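For reference, the structures are reproduced in the following blocks.
Look at the two complexes coming up: subunit A is in both, with subunit B in one and subunit C in the other.
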Partner chain A sequence: MGLREYVIRRSIYMFLLVVAVVCFNFFLFRLPTLVLGVSPVDLMISEELRRNLTRDVLAQLYTRFGLVPDPDIFDWIYMFWRYIVNMFTGNFGISFVSQKPVMDELMARLPNTLLLMGTSSIVSIILGIYTGVKVAADPGSRKDVSAVTVALFIYALPIFWLGMMLLMTFSFYLPALTDGFINFPLGGTIDYEVWVSAKTDPLGSLVIAANILHHLILPMIALGVGGYGGYFLYMRNNLIDVMTEDYILTARAKGLDENQVLYKHGLKNAMLPMVTIIAMTFGFLINGATLTETVFNWYGLGRYIFESLFILDYPVVQAIFMIIAITAILANFIADLLYGVLDPRIKYG
Partner chain B sequence: MASSRAKRALAFSLIAAFMMMAISPIFATAQTTLPGGPKSGPYIDKLVFNVITQDDQQVLALQDDEIDLIGDMVDPSFLDTLIEAENIDVANVLRNGMGYVTINTAKYPYNITAFRRALAFALDKEAISDQVWDGLSVPQDSVVPQVNPGSIEGLLPYTYYEANVALGIQMLEDAGFADNDGDPDGWLEAPNGDAFDVLVECAISSNIAIEVGQKVAEALNALGIDAISVPTDFYEYLNRLYFHGNYDIVFLGVSFTNFDLDWMAYEYWGEYADEPYFNFPNWANDSYDDWRDQLLHATYWDGAGGVLEAALEMQEVWVYQSPMIICYENVLLSAYRTDKFEGYINDVSDGVPGWWTNYKVHLKDELGGPFGGTFRWSNPLDLDTFNFMVSSSAYTMNVLGEFYDSLIQQDDQGEDVNWLAESFIAETHEDNPNVPDGYTRFTFQLVQNATWTDGTQLTAEDVAFSLNYFRDTPGNPYGADLTEMTAAYAPTTYTVIVEFESESFWHLHTAAYKPIIPKAVFQEVGIDGWNLWNPDPPSEPMVTSGPFYVSDYVAGEFTELTYNPDYVYGLDRTTEPTTTTTADPVDFTMAIVAGAVGAAVVILVGGYVLMRQR
Partner chain C sequence: MSETKKGGWKDSNWYVSASSFWREYRKHKIGILGIIVLLFYVGMAFGAPMLATHDPSPNAKVAPTFLAPGWVSIFDPSGVTTGEYMPDPQLLNSEANDFQERGLRQSEFSGQQYAGSDSAGYVDLTWEHSPESLDMDWRLLDPTGHMPDSNSFIFFTQEFEWEFNSLPSDVNMTLELSVTTTGSFETEENSGLMFKVYMWLIDPSGNWQRIYRSFPPYIDVFQSRTIDLNYFDLAAGWRGMIEDETGVQEDPNDILKIAVGIAPTNNFGFDYNSTHTNEEVYDGSVTVTFKRVAMLVYGNYFGILGSTDKGGDAWSQLVYGSQVSLVIGIVATGLSTAVGVIVGLVAGYFGGKIDETLMRFVDFLLVIPSLPLMMVLAAFLGPTIQNIIVVIAILGWTGTSRLIRSQVMAEKNKAYVESARAIGASDTYIIFRHVLPNVTPILFANITLGVVGAILSESGLAFLGLTDPSAPSWGRMLADAQGTGGFSAGAWWVVVFPGMMITILSLAFTFVGHTLDQVLNPRLRER
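After this line comes the complex of A and B, so read on.
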């Protein structure tokens, strides 16, 4: 079977997977309603409104959100059908909370998430690969043992805790100790004061960009450091495995110097499994980092998922999970294709 | 020896000096007064709401001078940190709300009044205030918070404040509860001989709820009743309460935004014992219901036949019957910086972070005040929408509450203040035969200088349109209580007539507390578009009339509001502050006393010198 057949077969498989994800998505976020009977309408009724509630107003509230009070099996089937039609026509609906189209809400947050996740992923991938290669050249050395210990320690650290520690240190204690010389923001993506002054500054755009970068540093470090351990360990272990292969012995026997053996023969082959991991990482960029974005008050999709889940904003959470699922499936597919490009020994079939 | 001329000069100098002393407090008072009257404002230039989600980050931001006010109630665990911090003050106010446990009175044996009263007596509310709240709450018995002038708290001959387990045990014994089953467990059986156990449910997300739930279970155990407290999912049990599902005892909290009491006529009404979303204890009591009509349809507050009398009688029945047991009324803590701004208002409903603080806070004199400055809040959540009719978020309403005024406003003490209404009269058929029998008619005269931000006049047409719009838009929460409004119309440019098909004291607030919206804008939005209206300021400026308008918004980061220069009670910022206005009453009294003493000294000393000279 050639590449074309493989792509067609995988596309059909992917379509079926997306259908399964869409169906699963519907029930996953309605579990509180299915199991516990909790309705999003209940969460949206303020105490003031509850005291003035009439049956008419309540019925209209349910209608407004496309919900049915105390639904029976036929109501569920109807809601499911309408959901399926909407999903496959790209209509993600209106957020229960903001009453704005879900796509608009997602697009407003996407750039921030891509910025944070993209930069932190690049930092952790580069650092992880670089240090992994360095220590794999000399496995069992003191340098290797120290690096593995540090990487395992970092890998085990909860990122939200690391984030809080960074905030406490660089945004509160150090500014106080250095009289504001070292001062990182407590959260957010831009300072109000900078925004206001930039409006009258001819270099306002640069000032704003610098301020966003200033806000980006701590969450990027938290996420980058949190992800570093994984990349380092994968890279190191892959490379150590590869370095025991026969072709490495052959290369050494040919008289190549150790750097050539390591980078030209070892690294190239050890990178193959990393391609899948990196591709999957970029597939999940859109996912956001729920805890990090929440700790750093970062206006992104991760925080949006967190907030929307709490208030059962179905249209939002199901749209985000749908997009995450599709990007993950696509990223996996691309990784498989890249495998074949990078390693000619791999045949599709 | 000095000449008589010199003596005379000395005498006049002394008189002049003492005269200056006498009148000097007046100058001192004048320097600390604000221009404008009690309705005047705002003084700040800009009001910024920064989105800061975490409690600890809000406290750090306040300490770091990134904000001037924490826009939420402060967690008591930060109290010591904030008290010790420089340039930060902490204020507190009793909450217009409380924590309580509701008892399922539809279930045996909780339907026996003696059971509920025994628990009320056994529960140690003093201990809840001291141990659970560390002194930041007070015991409470009435269903109406004690900050409400209509509360019966303190007027009954008894309280349930201190634990009186012996009395509770006696009540249970008299009602027939006994341990007769021969089982060595020691727990009481119900009067019919059935063994029973009580499940006290509380929210797993709240430490206070868990601790109070534990106290309730302990009180039941002390009475000899088998009970345990279980922390569980709040929304799960809330749903059971809304739809009258099965439960024994559940912990909840409640808050009110004003001091109205008409909700008592629905919340515990016998006919609403099975009504979804009402009457959590499923309680029905004829004595309570007998006063309902008076509470709803009396047209005056005080005296025999008034709403207060009915409210107090209903509370007396309610407290005795104890379908719910109020556990505490806690204190709301607010924290704010004092280095730049002053004039913070500790509102009885909201504490310091409220409308009145935004309206009255001003720059200190030494910083060039009172006008100007950017006053910064933290707001725990971003705006979910600029459509005030759609949002149920209190944090969104912190911002949107600045945009539209109402006919009558609730002041910081909870009293009504005429706002867009200059005056009004309320009439029934008895007062005016033109009013149909059984109807209430309000005639509001509007202030004549209110404008919208697009420069057009705010008129009676806008007011009438607003009320009709809220009532007629399907599912609009602002119209839920306007179903009895039969007409709202504008016979003249500044006169609005609003009619209700029943007589009630409460109709005034129903109509007059509603935000007034611009007719020209919402006619275009239409009846069906009320929830889809989605303004996007500042790129699409909103037409508002309130003290502030949106001048900038960065989603997820901040909302900047700027003072409305044409606000109906706005101040002329181009002239020097006048000195004949809102003096603080305490300072003014001090000035009078000091002035009187000074004058007396002048008269005595001056007279003495002149007499000696003569």
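After this line comes the complex of A and C, so read on.
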């Protein structure tokens, strides 16, 4: 089977997966309607409000959210059809709560999430690869054992707690102790005063960027540390595996010095699975980090999905779910292709 | 044959493999450490009812909010530690209770301390009056209002030393008493107005501060009275014992006395409607029995680990939290492993269409964002412990099934499976008797690491509020700390300890899992 056939097969498979996710999403968020017979609109408006609304307004409300009151089977089919059409045209409906298009709400938060997740992933990937390679050159050494222990410790650490500890230390106790010399904000994405004053400031955008970076540091460290353990262990184990291969022995026998063996022959091969992992990481970036974003009050998608879920803002949760799942599928697909392209030894199939 | 002859149970198959496994395992220090820590946690979970000092329910208020742990008071000698300060609250020690009668008619009063048949301590204060004795001495003027109407009365005291140099933030006293009456005190309609039960603070300078005065009706079964001291009571009792900036204190020493007594009231001496006073008529006795005189003093410090945002005991919640984490971690992983093993075995052994379908389903679950899906499911199903377990298990089995599948695919073409099939063994038999035992070693490490994931998921869900509202859990404690600005209030203990418990527990499982991996996975052992 050649590359071409492989790509086609993966594409078909990817398409099926997308269809499955779309259907699953439809039923998941209509579970309360299916099981309990309540529509999301009932949950949203109070009984009193409902009595005061005229029939027309109520009907308008339902159509606006693409719902049908007391649906029978044909209404279900109609709703499903509406849903499919909306999903594929990028119209995710209107948020129950803010009454704004879901897409606008998501777009307002997406850059923040990408910024936070992107920087922290880059930090943890670079650190993980670097220390992984350093340590794998000499497995079993004291350095190796302590690095692995640290990685296991990080693996066991609840990241949101790490965030709380950072926040407590650097935003509360240290500012008090050093008289404000070390001072990190107690959560948030940007200070409101900075946002307001920057509008009149000629260097406004720079001030805003600096302020956002100031807010970014702590959550970035928390997430960066949290991700580090996994990348480190993966890199180390891969490289140690590779270093037992025959071609490494050959390289050594050729008389190459240890550094060359490690970086040219070992690392290049050990990086291959790493690339897949990294590609998938970037697919999941959009996921956000619900817990960390909640701890740091970060204005991002992760926190938004959690908040929307608790105020039963289904259109929002449904849309985020959809986007995350499809991005993940795409990232998987790209990772698969990348692996095939990068590693000529791969046989497709 | 000779081997079986000398063989006891020690030669049985499982013993040999288990003991050789243990010989290998104990070489790993972190593995041993992990097991010790795990045993410690299991002990904590089982011993929770004994270890907990207060009600562990997250909504139970047992103290003011955000009090620091008791041991922190080492760094702050003047800070007040919350606790029970009466030396003998259960009234068991006769030496701690000092009886005293006052006034001209002391002979009418008597007091005694005794142990009841239920081995609880009691104190009786008795006032016996007969019409013959009429020289009750009434207090004519009492500007403070702190003393009883009669100069003659009886009380008992307990004293303790106040070793701190600041006022308590609050004091709650509990008094359990019953009243038995005889003679006129039993028959007369208004007899309840003739006497009162008092409670006083007597500061080291000898000033009395009345903190409690009883009102009828009185009954002869034990009832409990809770007295919340107001600021003036605190100031009168404690202020004199606190040093000022120059290190001088008003009172000569730091001994505070608590007095409990009974005394006749003015009603007994005067009668406004008729020609005779009650004093001339009454013939009988009043006995007040005290079962408990407790004084709970609230300060800046409380218990072993301080108090939470709702005034709960952080230590008790922490101890009970281990139950939730261990149960959810282990049961959820058990469930997901069972599902994962079955799916993996079936997919790997049968292959073909079945394998394809199952693995596509696994792929599907892997692309669904896991934490949001857990949140959605937990919110829809209702956040009880069972539902949280199910939700975590639903998403946790995919990794196991992939692992088992790959192992089975490697095993199933080996000669022993072929020969088993050749002699007519069924698929089920081959799977469970031949294939499964050979893939089990890999499974153990996978299970322990799965538990870590489940524990972390549980704490994350609890942090988001998806947890049993009545059960204490570490994630919930962190959520409360976060939601109420725990560390902004300076309460680091509600942030540090629950997280530490989660980390140490999952670290212990990680260590055990890592060691199992090294011991049971021969490919790794060669490194």
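In the analysis below, the second predicted complex is superposed on the first by the 296 of 349 C-alpha atoms of A that agree within 3 Å, B and C clash if a C-alpha of one lies under 4 Å from a C-alpha of the other, contacts with A are read in each partner's own complex, and residues count from 1 in each chain.
Rule of thumb we're sticking to: a contact is a pair of C-beta atoms (placed from the backbone, for glycine too) under 8 Å apart; a residue touches a chain by one contact, two chains touch by 3 or more.
All figures in this text were calculated on a predicted structure; none of them were measured in a lab.
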Touching partner for A:Val295 - first (subunit B), second (subunit C), both, neither: both
Touched partner set for A:Phe172, first subunit B, second subunit C, both or neither: both
Partner chain(s) touched by A:Ala156 [first = subunit B, second = subunit C, both, neither]: second
First, second, both or neither for A:Ile277, with subunit B first and subunit C second: neither
Which superposed partner A:Leu337 touches (first subunit B, second subunit C, both, neither): neither
Partner chain(s) touched by A:Ser98 [first = subunit B, second = subunit C, both, neither]: first
Partner chain(s) touched by A:Arg51 [first = subunit B, second = subunit C, both, neither]: first
Contacts of A:Leu186 with subunit B and subunit C, given as first, second, both or neither: both
Subunit B versus subunit C as contact partner of A:Arg109, first or second or both or neither: first
Set intersection of subunit A contacts, subunit C complex versus subunit B complex: 32, 167, 172, 186, 294-295
Interfacial residue positions of subunit A with respect to subunit B in the complex: 32, 36-39, 42-54, 57-58, 60-61, 63-64, 70, 97-100, 108-109, 112, 167, 171-172, 175, 186-190, 192, 195-196, 294-295, 297, 299, 307
Subunit B - residues contacting subunit A, complex: 48, 50-54, 57, 60-61, 63-64, 66, 233, 235-236, 238-240, 242-243, 254-257, 263, 266-267, 276-278, 376, 381-382, 384-385, 387, 390-394, 474-475, 477, 479-481, 483, 531-532, 534, 552, 554-558, 560
Subunit A contact footprint on subunit C (complex, rising order): 30, 360, 363-364, 366-369, 371-373, 375-376, 379-380, 452, 456, 459-460, 463-465, 475, 478, 481-482, 487-488, 492, 495-496, 498-499, 502-503, 506-507, 509-511, 514, 527
Residues of subunit A defined as touching subunit C within the complex: 13, 16-17, 20-21, 24, 28-29, 31-32, 139-140, 148-149, 152-153, 155-158, 160-162, 164-165, 167-168, 172-173, 186, 240, 244, 284, 287, 290-291, 294-295, 305-306, 309-310, 317, 320-321, 324-325, 328-329, 332
